[in-house]
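Working notes, beginning with the structure itself.
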Amino acid sequence: MNIGFIGLGSMGNGLARNLMRAGHNVVVYNRTREKAQALERDGARAVATPAEAAQNADAVFTMLADDNAVADVTFGAKGFLPALGKTGIHISCSTISIAFARKLAAEHSKAGSGYISAPVFGRPEAAAAAKLLVVTAGPSPLVERAKPLLSAIGRETYVAGPEPWQANLFKLCGNFMIASMCETFGEAFATLRKAGTDHTKFLEVMIELFGSPVYKNYGSTIADGRFEPAGFALKLGLKDIRLGLEAAGEFNSPMPFASLLRDHFWSAMAHGQEELDWSSVSLVAARAAGLNP
Amino acid sequence: MNIGFIGLGSMGNGLARNLMRAGHNVVVYNRTREKAQALERDGARAVATPAEAAQNADAVFTMLADDNAVADVTFGAKGFLPALGKTGIHISCSTISIAFARKLAAEHSKAGSGYISAPVFGRPEAAAAAKLLVVTAGPSPLVERAKPLLSAIGRETYVAGPEPWQANLFKLCGNFMIASMCETFGEAFATLRKAGTDHTKFLEVMIELFGSPVYKNYGSTIADGRFEPAGFALKLGLKDIRLGLEAAGEFNSPMPFASLLRDHFWSAMAHGQEELDWSSVSLVAARAAGLNP
Amino acid sequence: MNIGFIGLGSMGNGLARNLMRAGHNVVVYNRTREKAQALERDGARAVATPAEAAQNADAVFTMLADDNAVADVTFGAKGFLPALGKTGIHISCSTISIAFARKLAAEHSKAGSGYISAPVFGRPEAAAAAKLLVVTAGPSPLVERAKPLLSAIGRETYVAGPEPWQANLFKLCGNFMIASMCETFGEAFATLRKAGTDHTKFLEVMIELFGSPVYKNYGSTIADGRFEPAGFALKLGLKDIRLGLEAAGEFNSPMPFASLLRDHFWSAMAHGQEELDWSSVSLVAARAAGLNP
Amino acid sequence: MNIGFIGLGSMGNGLARNLMRAGHNVVVYNRTREKAQALERDGARAVATPAEAAQNADAVFTMLADDNAVADVTFGAKGFLPALGKTGIHISCSTISIAFARKLAAEHSKAGSGYISAPVFGRPEAAAAAKLLVVTAGPSPLVERAKPLLSAIGRETYVAGPEPWQANLFKLCGNFMIASMCETFGEAFATLRKAGTDHTKFLEVMIELFGSPVYKNYGSTIADGRFEPAGFALKLGLKDIRLGLEAAGEFNSPMPFASLLRDHFWSAMAHGQEELDWSSVSLVAARAAGLNP
């Protein structure tokens, strides 16, 4: 297929390469052009505007930081929406708000093109290795058409429902679960450290108890205080908790752990952690306990 | 070795049997005697008082509900402390407060006998299958002597530190982490359900994402609302969160997730859930969101 | 002076009348015209569009439900901004977001007209009696010009700072303090009721202890469960807590009580309380304790 | 009447003097005897043991730091219980746990003497000026007999119910309300300060809005950061929040604001604030926001 790919950060780069590897024709666009050109060596074609990425494309992927960035490449002066034909699908992998996912669906529908959400779980390494978990949602025919592409970027694809925003809600709830786990490590470690007890030994027990690579990776990162380089920047983690709470608010569904987490992310921001890994939210508990992080 | 075993609930029963299977001589005591007699068929000897269980014992295990129950069999009128000789060790597997663990250590020390804490992670099935995670703590020589016994009841033994209460702190922190996970499922499921989105599909993603049997088991229990029979009663879960917070308080270490959890356990108690599985704490989030549990 | 007044709800009605009583020429606009016409008997002139309310006006007051409503009358098709001359001031009494207050200030500045925020504290009765507390903010010369008008509607005027949004932040923080007080009554009353102890007697002590009419009024409302008719609707209270948290987020300032409050407002919404008085947020604590509200 | 008075701290000292002023015969005991002797100049008689204070006493007041201190003077080796005759009443003004109040009632009943709780609201200055609010509870005949004494120490006496612990529950809930108010000031001030806005001006508005001396006093203390000398030490405030939560737990009544407060008191303790005024719990919010307290 002919694919446009917009957004070549550490995640998008892996996705685009895996689509190429799967034999698709990939046209890439990135705001800082160097990142696009780096993919030309491997067979992609770099273009100068989002609109050009959508020319003759069967599908356009977007993998960008937030609602505004996606709005810009879609609806902006050189946005790709008008260029995406009636048979084109916008596959949005970014973690965006459910409100904006609805807007994207509506605008594409008006324009006669297709839209599905397909956010992913996994770190840049998983993106590079095509081992992401892909959660998609949208009208069945579109999802079916997109499935071969989604299979090329992940190890498993889940369908959250018929409305695109449902996939985004899955993503936001999933990130809430990971962030909560980081907070629990933060609180437990703080108490153990104040008790003069070996928190790394406790981590060993938890790794065995939960038997989860996620607990192992994040738990070790937190135990060792290795928050740089960030696998996922804290400021982006804050965005996701905020969007999760906005969604909860739309449905009047209290999420007190998420609310507390947001306070802790704010505190982390106030202490200059915006570019550290989001698991450094655990430092807030340490600081509250009077520990030297 | 000659072993006294006190407390034959769903956990203790499995432990005692595994000690017998490992070739040890086991004398059992339980308040309701039938449970003790049931083990006689398999070679145990049932006695009528805690004190008798300690006669000639190299070690006495206790596996009971709380501080008071352990105090009763240890220091009570027919308690075993005086009967435990200078070479005897009290191996306390119960989830007790760190303050009481300290008291046990002090009293045994005064009496000339040994004391170590050895709480376990795992459900009754894991106890029966000798697949528990055992966390022990205490003076090295005692821990070394106890290790063969601990190996007989678990798949792995961890040493938390030289002071017995440190093992209890590990256990309390570990249970805090499990309870927090239940709450996160509760909040996420509530939001998804209010959004008219399939929370069991979300669970599938989380099972794959975390890759953890603990997430799978608890997540499924919560998604399906199967809280009876209880693997671990909510009222006991509340006790553990309370003890965890008491420990945190001793060290002035804030644990806001634990604090919120306790409020939710209280709310669950107020709604008659004391005998349901502790993962039913997740119903509190559902109720707050106006969902019919 | 010539005054335009837009928004004649239970608060705006009292404000407009007090401006008339102070001898000003008042032209009124309200979406449902009947409310505007009701003031004609007392000497106001009712007009059909926001724009007409600004013709020859020295100042235009707005007292509306939220950002959108203010945006509509200001920037909408028949909005008053173009009609407000270089010497006209927009005095915004609505509880709006600090972000929108900044936008209003910027747009008025571009258009050459003036803008100040002047939110008020007090219930409709206080508005009718000109006993509101008025908090204003904006450039000094504008504030000075507006002061006689503000004196006509309140018993005291406070200047929060040189930037209009600062007054809105005061208002949001103040409402947070009132809502928190309601929650504390809710939690204390729930515990006392569950203890079989007379919570109205406790209220008596608190009334005397705090010596505050606010504690007396809200405490009595909550103790008696008299949430209808609403002095201030819960759905509007939720809006204010939400805006307060958005402001806190802008400055990365954790407000855990406010976060918890928002969860409780959501729970109240989920239980159908949107039109009850906002002090009914206290029912959430009662419900969590298993009490029949 | 003949009065024994035990505990001459900053509160007890004022109480004892006011009882003397009202014409009663007062025998005083204090652990550090100097404080007792200081009252001899004004007509009290200082004794060397709690027991002596109860000789021929119609009533014995206790005003001490906590459960343990009261237990010591009541049940200890030189405790006054045996010396208190059948017609004697123990009037306990200390802020103690409701569980211990029940124990005191039971033990006095066994011994044939009377017991009522009579905790007070007010700072040392109010104690000196006999302007405390007194909350009492217990069997009616005892309360009636005690009333003239309680009138001598406060400006108003409230009866919480027929069981002594009910007065203690009032006291704990009341202190929860005051501490919550301090936290709300802490959070609002932090947000205002981070917004570069004058929090003392905001305080002015709140003082006028709430019209409460309690808001004025605490709000000013917090705004100015004047936490020394402590009117009420933070470590004692923590004790009261802890006892309030223990009571809430007994009735399974969630108090999420109280839970959060306790975490903040722990954090304050961890930052060395135990001897500062308890309103310094507000510093926790400032610190979380990255402000320099």
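Going in written order, the chains are labelled A, B, C and D, and every chain counts its residues from 1.
One rule holds in what follows: a contact is a pair of C-beta atoms (placed from the backbone, for glycine too) under 8 Å apart; a residue touches a chain by one contact, two chains touch by 3 or more.
Here the structure is a predicted model, which means the values were calculated and not measured.
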Chain whose average C-alpha position is farthest from chain D's own: A
Result of counting contacting C-beta pairs for B-D and B-C, higher pair: B-D
Fitted rotation between chain A and its twin chain B in degrees, CA, nearest 5: 180
Chain A and chain B, separation of their C-alpha mean positions in angstrom: 38
Mean-CA-position distance for chain D and chain B (Å): 38
Averaged-CA centre spacing for the pair chain C and chain B, given as whole angstrom: 53
In chain D, residues with contacts to at least two other chains: 194, 248, 252-256, 260, 263, 266-267, 270, 288-290
Residues of chain A defined as touching chain B within the complex: 121, 133, 135, 156, 158-161, 166, 169-170, 173-174, 176-177, 180-181, 183-185, 187-188, 190-192, 194-195, 197-198, 201-202, 204-206, 208-215, 244, 247-248, 250-258, 260, 285, 288-290
Chain A-facing residues of chain C, complex: 242, 248-249, 252-256, 259-260, 262-264, 266-267, 269-270
Chain D - residues contacting chain A, complex: 194, 256, 263, 266-267, 270-271, 284, 287-290
